[in-house]
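Take a look at this one; I'll ask things after.
Going by the order they are written in, the chains are A, B, C and D; count residues from 1 in each one.
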Amino acid sequence: MVKISNKDQYEFQGSGISGNKVYDLYLRMQEDVLDKNPDIVVVYVGVNDVWHKTLLGTGTDADKFEKFYLAILKRFKEKGIKAILCTPAVVGEKTDFSNPLDGDLNRYSNIIRDIAKKNNLPLVDLRQQFQDYYKKNNPNNEEKNILTYDRVHLNAKGNQFVADAMWNAIKAL
Amino acid sequence: MVKISNKDQYEFQGSGISGNKVYDLYLRMQEDVLDKNPDIVVVYVGVNDVWHKTLLGTGTDADKFEKFYLAILKRFKEKGIKAILCTPAVVGEKTDFSNPLDGDLNRYSNIIRDIAKKNNLPLVDLRQQFQDYYKKNNPNNEEKNILTYDRVHLNAKGNQFVADAMWNAIKAL
Amino acid sequence: MVKISNKDQYEFQGSGISGNKVYDLYLRMQEDVLDKNPDIVVVYVGVNDVWHKTLLGTGTDADKFEKFYLAILKRFKEKGIKAILCTPAVVGEKTDFSNPLDGDLNRYSNIIRDIAKKNNLPLVDLRQQFQDYYKKNNPNNEEKNILTYDRVHLNAKGNQFVADAMWNAIKAL
Amino acid sequence: MVKISNKDQYEFQGSGISGNKVYDLYLRMQEDVLDKNPDIVVVYVGVNDVWHKTLLGTGTDADKFEKFYLAILKRFKEKGIKAILCTPAVVGEKTDFSNPLDGDLNRYSNIIRDIAKKNNLPLVDLRQQFQDYYKKNNPNNEEKNILTYDRVHLNAKGNQFVADAMWNAIKAL
């Protein structure tokens, strides 16, 4: 989560923790986010909820993912915090839809897209934006080293890409 | 969870939901338990946290299991609610430790036993009590139909067994 | 596997067994296929190799899938049997690539497509043909009841679709 | 697999490959074992068949494990090769049965024990022997660094332990 405590003179604060899934955010949101009284929170979660299914057997069921996601947003609404949602970007950068988790990432992205639409919340559709970027910049159908260094974690270019996308959404508020 | 709102004249209320894992309890404990002002809550969770790893890829990591479990107990303590902890009983009733999930259930049971000890809370060690029962009552090493009808879900005898064990712990408070 | 023992007057024989993965075919191919001296064998495998990863934890690694597939084809070649390859069709019929296993099915389909190309073998690309069919016949992005009745197993229309596709490949030999 | 081509003056040859499961042995047994005309083969497989279920989603179903195991033994019998069977030792060295895969390893070990008994074949029950060793030599219930360095792979002491156990079985033939 990125929190911004002042709209004119933005102050960013990262609250993400490696390996977290949606219910981890819910568990620690009071201390790590709400107690700091942010104006805006960028919610970026979902990769581990899908990825850990096959990696560890401890992913998140789709219905539970939605339930916790909505519970987080409810708390933000009660506090008057503006939420910006993000879809999970990638596990694998291949462009021919043959990354093993592509289907499930699309499914969880659809859940987030639906939530954004129904709740009239701004969405940074990272998954779609990454796909669009790959069409132009991954002509050899590589599985990594485009915006990630290991299929999942962002390299310098990927970090800049995500920062730009989030910044565009923040400015548009 | 079983809630009891009056100590002299006990009133039981079941709050368990099929398929729930520890974080599901945390998510709904306010509405489903705390809002009803119980004196005592019997916490019985853990089978799905282990079982769903292989069944659905959506079990609960051991460290997260402990973290959410402690978060639940913290809320009880704040409210002055007495908690009784239970270990997860079984997935498979074989007595030769060859039920596929025996090791992982023992691991999660150990987490709960440690929590009970460190927090000086009463424990209904169902896993141990089931094992003791099987030693006498499952001479043919059957995987089901002793206290469950399908290796997991309790039959009439199993329900009575668990009810008796919980009742003993409640009386002892 | 479908075996045809006479080219002019075709005699079909089904050898498929529910739940089989590529190594199961390898284990029983001598008795169930080679001993019957077929002229042509249609190899249709891959859905369980992907699906059982999340369903049972017992899918097939991609590299092993290719290795066993090639071992089967080698035996056919030694016997002078003509092989027709098929890609695994679907687990879920959604058209927006949000069926959880879409990415992995595409990956295993690519393995089979590569094998067909390198070995100059005819390919019934069921996965591609199903996608093409859905574009026209699944306007509401349904996950089942188009060519399957449960996201995986074929309904009457699906069986006819696959039979036609295989027949076209057999005639073209 | 360890192969011995001469009974009086033993010549050992290792044929094990890291990550192999029972069906991998079956696939390559002709080239890697049978073609070398061994007198004795020590079959040591099973850890990956259990472990890869949660590690990669690509373990081996219990019924398939038995089927491939028997198919391997059948080939040995046809060739007049003496087989020595081994149970899979450990994934985790804890002594209180709380290693997550203990139950499933016991289950697959039971399959091998049954095969040995029914076929009157010598068994090196590594799983049992490791447990016995731990009772005396792992007083602090450590999960590694007794006979393994990472819960699975043998350290120097573990390698010696297994070598001694296999040697005892070979001498007893």
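As a convention for this text, contacts are C-beta pairs under 8 Å (C-beta built on N, C-alpha and C of every residue); 3 or more make two chains touch, one makes a residue touch a chain.
Because the structure is predicted, anything quoted here is derived from the model rather than measured.
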| item | value |
| --- | --- |
| Between subunit B and subunit D, the fewest steps along chains that touch one another | 1 |
| Most distant chain from subunit A, judged by the mean position of its C-alpha atoms | D |
| A-B or A-D, whichever has more C-beta pairs in contact | A-B |
| Mean-CA-position distance for subunit D and subunit A (Å) | 45 |
| Separation of subunit A from subunit B, taking each centre as the mean of its C-alpha atoms, in whole Å | 34 |
| Multi-chain contact residues (two or more partners), subunit A | 53-54, 56-57 |
| Subunit D partner contacts - residues on subunit A that touch it in the complex | 54, 56-57 |
| Subunit A to subunit C touching residues, read off their complex | 53-54, 57, 92, 96-107, 109-110 |
| Touching residues (chain side subunit C, partner subunit D) in the complex | 23-24, 26-27, 52-54, 56-61, 64, 67-68, 71 |
